[in-house]
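Chain IDs A, B, C and D follow the sequence of writing; residue 1 opens each chain.
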Amino acid sequence: MMMKLLSGDSPRSKMLSAVLLLILFGLMFAPFLFPGTRSLDTAARICIFIVLVASYDLLLGYTGVVSFAHTMFFGIGAYGTALALVNMGASYSAIVLGTVCGALVAGAFAFVIALFSLRVKAIFFAMMTLAVASAFLVLISQLSGITGGEDGLSYRIPREMTPAFKLIKEKVLGVRLNGKLITYYVVFFSSLCLFLVLLRMVNSPFGRVLQAIRENAFRAEAIGYKVVRYRSVATILSAVMAALAGSLMAIWLRYTGPATTLSMDIMVDILLMVVIGGMGSMYGAVIGAVLFLLTQSYLQDLLGILQESLGSLPVVSDVVSPERWLLWLGILFICSIYWFPKGVVGRLRGT
Amino acid sequence: MSDSLIKPRIERPPLSEVIEAKAPLFLVPVLMLIGLLAIGSGSTWLTLTAAGLAMGMMIFIMASGLTVIFGLMDVINFGHGAFISLGAFAGFTILGLLGGWIESPSIALNLGAVLLAVAFAMLVTGLAGYGFERLIVKAVYGQHLKQILVTMGGLVVTQQLIYVIWGPDEIVLARPTAFQGSFVVLGAAIEKYRVLAIAIGLALFVAMRLVLSRTRIGLLVRAGVQNGEMVEALGYPIQKLFLAVFMVGCALAGLGGVMWGLYQETITAHMGAEVMISVFIVVIIGGLGSIEGCFIGAMLVGLLTNYTGFLIPKLALVSTILLMGAVLMWRPQGLYPVVKAH
Amino acid sequence: MSDALLTLKGVHTHIGPYHILQGVDLVVPRGGVAVLLGRNGAGKTTTLRTIMGLWQASQGAILFDNAEIQKETTPAIAQREIAFVPEDMGIFTDLTVHENMLLAARSGAIDKERLNWIFGLFPPLKTFWQSAAGNLSGGQKQMLAVARAIIEPRKLLLIDEPTKGLAPAIINAMIAALRELKEMQTTILLVEQNFSMARAVGDTVAVMDDGQIVYSGEMAELADDAELQEKLMGLSLEAHQ
Amino acid sequence: MQADEKPVLSTRDLTIRFGGHVAVDAVSCDFHRGTLTAIVGPNGAGKTTYFNLISGQLAASSGHVWFNGEDITRMSVADRTLRGIGRAFQLTNLFPGLSVRENARLAVQAHQRMGMDLFSMADSHVELIQRAEHILAEVHLLDKAEQITSELSHGDQRKLEVALMIAIGPQVLMFDEPTAGMSVDEVPIVLDLIRELKQDKDRTILLVEHKMDVIRSLADRIIVLHNGELVADGDPAEVIASPVVQQAYLGVAPEEKEEGAHV
């Protein structure tokens, strides 16, 4: 049963299994284990980014295609849901309709991009997606009449999903059972399902073909797989999954703007998460997202302490200043590409 | 020796092929004409065209380094944008120190300050390019996937280092006095700085073409683009050539950075990454590895951005994407591909 | 062994999983034309590329002018005055004939007298001096490839199948050129599949098969011994007639 | 060979030009079921290019390729493969990071056209895996099924190369120098394999090979390419002995006169 859920793709390492179980447990009981708005927000972001990063890994790690348009698809999903909620009011049907439309539009966009550029060199595809995604970002920022421009969109979601809604009056284990909690679990279980679906996809006959294409596209074609078609489908699937993650983000934040969904900074973050966690393994996405977001939220505190103790040295204190955490992750990222290309997961598996 | 078989013979290509080959040359004039028809007003059109050409020239300066590096080494440096920012910051540091020169009404002092700033920026970015090539790029020649990732990592790290050195805030600096204001030509206001940018861009384009066609280094670069192995077998260390070209490419990014910074009068660590979008579009339109294609592509993007920026402001960047799509439908490899994208 | 310009001792070369050269021993005497024969895939091209440092020998020694060169880079080896004409000719097709030649002249300038001599050997090069090399025919490209190698005097020429796919008249032009070079005491290591070409210019001959030298000796000996030829060429022609 | 039977594969005036160079020049040839045809010729004669035109890696400049009465000249590599044209490459061409079993399984899966199955578990298709293992057994690789392909010896990689070709259920099998770069003791294994494959009279085998002893022991027929043209076609013994082959391999005739003039 367990193996079937994991699609036969076991972590293959005691250490990795333990870490994954810890993460699962931590996220499942996050509201009770780590009470507080900030930690719940971090937990929800982790759930959503696991899906987002895993869907990116489908493309980068499994198919060997570098795309910089992943945040565009993430944004399309988020804006789809957001626009539906803004225009149709806070209803469940708006959420469903927005999510479905977002996913469809993302898939269609991905199809067009694939049509144009997947026949050519990886570099070409990377440049093209970067340009298209940036133009999309600018377009969204400028169409302020529809998208709210730089300010983004704030909207209401159904009352049952807001903090104002109380499930029961009493606190359970010191935690108030309100609508926010419900939303968290909606996010958590949706993410879990999406992740398991992705895990199934990469372990399906289709997923194996993607790996074959990554290993040797020429030969994949010569045993009867149409490489362009498979790459296109992978691009579309990855885009749809990213859009669904975007919808979850829209619901969780009750706000959608360029900075939270479309920005190139997020694209870089995703890249860092995939590579540091481990390309070509869905579990790498989990580890990468957890590691990165925890660092983002809490390492700054740590570096802040470090900086205070080094306060007197001018350059050193700049380099370890809390705002410069990305510098260190960037260096870690480059090092991992060179020295442990299978990332943390590869390390834990001892390969 | 029977001469019949080795008799000199070169086939003349049919006229249609000649026209097809030259067709990209007409794109810029055609776009200008369409712009004139769409805008209607001659003086507005002239202002926009000057602005477009100036913008195109600056993008060309930044893109030329990237495309030459790609042609020769098969490396696309996604961190190229970091060198644009780095150059801008280095140049602005010098301009900041020479504040008196900039504010003085003397053209000589103004120009001197700008030249010093440019020289320093190119020096810094050239040296940074040396480090970048040795530390980051050298180990991933020929591995595109890793190359994209690793140079992207380099971009992140360099941006952060800029923050460390210059602080997180943007720097605002007015242009030297002599380059403020505009000329009035045929009733159209043309900013002085744009004229300067066009002049520098043109000079660079001509200089690059001359270096490539007339000098030994240029000969080596052109040969290396085609067959690096044979260049080595003729006794030239191609790794050194790679390094030199990489440094020059980065120095050009630095030059472009200073010019772009002076144009915007504001610089941020992200500015390079932002301009890179146009740079990539230009390189794709021009065809990977081609200086001529890059030049035409840059002019097209510059002009189109300014025309649509005037006509339908919200679609300025999107229009260049559409242009890219159109060019790729016509020529899937770009206008003048030196390196096949397959 | 003072008369040997180039010596290979037990050279092994691996390319990926392939073990191509499996202990090659080869001597190229100073001032002579050594021919390397053998069927496709025997390792002839790999031998030349290994000498040039384009592929690294995994084992063994390569001595040129009494110096070990097997660890050196390709440019360093070329600067020892070795010229290489690769199998695919390595023409820079976007460059003109002139520019191709100019690049091969490492001193930076082309010696006029020598150039005229080359024009005499290969007249089409003069005609197309300013044309893009890509417009030349296959035979003309091959002429350019050889001309590039001899634009300046070199100690050793490595030439890989200069007759491949060429018309007889051009092959004869090649033979004439190689004979002139031979008279000028240029040392040449020539890879060939075309035995008549080999016989026309070779002093010594080595035959390769499966990554090893299976025969080496004087060309005259092999040329006279039909039985040996059959055995070595792998084509027992007369046996079936 | 039944000459009256319709050919499985035929090429008609098949030509490809690279710039001015004609690499394959109007080659017309029929290949019949149950035969093994060896294709010989000196370096650069166009043998591998001819293969590439048949299997689709290169697009013909003119002429046609027919397979079972269908014109496949403009078809993609994948479509030709699925129709039954299998190819073992000159340079080993596998999925290096995957296991040997997975390599074979992928080829079987392609043959069953199951690549677009998104939601079943690849490992749950037992019949597929069994078929893959059966094929691995056929090429004597079953005991190495768990190994990562890049770690195999060169000889074993060549066997796997053949396994991938068999797995796609081909009617036409194309071997491009199957023994190139192999050590002496590995060569017979591959030759035996080809011999076994030849037993199946439904299969048509095309073989590019240089070693004449190999050709003599395997081929029913030889065709000779020289400078892209088909210059000889027929019974092995006759073709090997023919002057045209002699000339193609040993050099050009005019040279003799030249020699006379100089010596």
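Methods note: a residue touches a chain if its C-beta (ideal position, glycine included) is under 8 Å from a C-beta of that chain, and two chains touch if they have at least 3 such contacts.
Everything numeric in this text was worked out from a predicted model, so none of it was measured.
Enquirer: Which chain lies the greatest distance away from chain B when centres are computed from Cα atoms alone?
Expert: The chain lying farthest from chain B is D.
Enquirer: When the mean CA coordinate of each chain is compared with the mean CA coordinate of the whole protein, which chain is closest?
Expert: B
Enquirer: Report the inter-chain centroid distance for chain A and chain C in whole angstrom, where each centroid is the mean of the CA atoms.
Expert: Roughly 58 Å separates the two chain centres.
Enquirer: If you average the CA atoms of chain B and of chain D, how many Å lie between those two points?
Expert: Comparing mean C-alpha positions, chain D is 48 Å from chain B.
Enquirer: Using mean C-alpha positions as chain centres, tell me how far chain C is from chain D in Å, no decimals.
Expert: From the centre of chain C to the centre of chain D is 31 Å.
Enquirer: As a quick test, compute the distance in whole Å between the mean CA positions of chain B and chain C.
Expert: Computed value for the inter-centroid distance: 43 Å.
Enquirer: Quick check: what residues of chain A touch more than one other chain, meaning two or more?
Expert: none
Enquirer: Note the residues in chain D that touch 2 or more other chains, in rising order.
Expert: If we look for residues of chain D contacting two or more partner chains, we find 20.
Enquirer: By residue number and range, which residues of chain C touch two or more other chains?
Expert: 137, 168-169, 172 - these are the residues of chain C that touch more than one other chain.
Enquirer: Chain adjacency by touch: line, ring, star, complete or other shape?
Expert: Chain contacts: single closed ring, each chain with exactly two partners.
Enquirer: Which two-chain combinations touch?
Expert: According to the stated criterion, the contacting chain pairs are A-B, A-D, B-C, C-D.
Enquirer: Tell me, which parts of chain B touch chain A in their complex?
Expert: 70, 76, 78, 136, 139, 144-150, 152-154, 156-157, 160-161, 163-164, 168, 273-274, 276-277, 280-281, 283-284, 288, 313-315, 317-318, 320-321, 324-325, 328, 332-333, 341-342
Enquirer: Which residues, counting only chain B, touch chain C once they are in their complex?
Expert: The touching residues are 1-6, 8-11, 216, 219-220, 222-223, 225-227, 229-238.
Enquirer: Would you pull the chain D residues touching chain C in the complex into a rising list?
Expert: Contact set of chain D toward chain C: 19-21, 42-44, 92, 152-154, 157, 177, 180-181, 183-184, 210-213, 227, 237-238, 240-241, 245-246, 249-256, 258-259, 262.
Enquirer: Spell out the part of chain D that touches chain A in their complex, as residue ranges.
Expert: On the chain D side, the touching residues are 55, 57, 76-79, 81-82, 87, 89, 93-98, 102, 105-107, 109-111, 113-125, 164, 167-168.
Enquirer: Would you pull the chain A residues touching chain D in the complex into a rising list?
Expert: Result: residues 4, 7-8, 200-201, 203-209, 211-212, 215-216, 218-227, 230, 233, 237 of chain A touch chain D.
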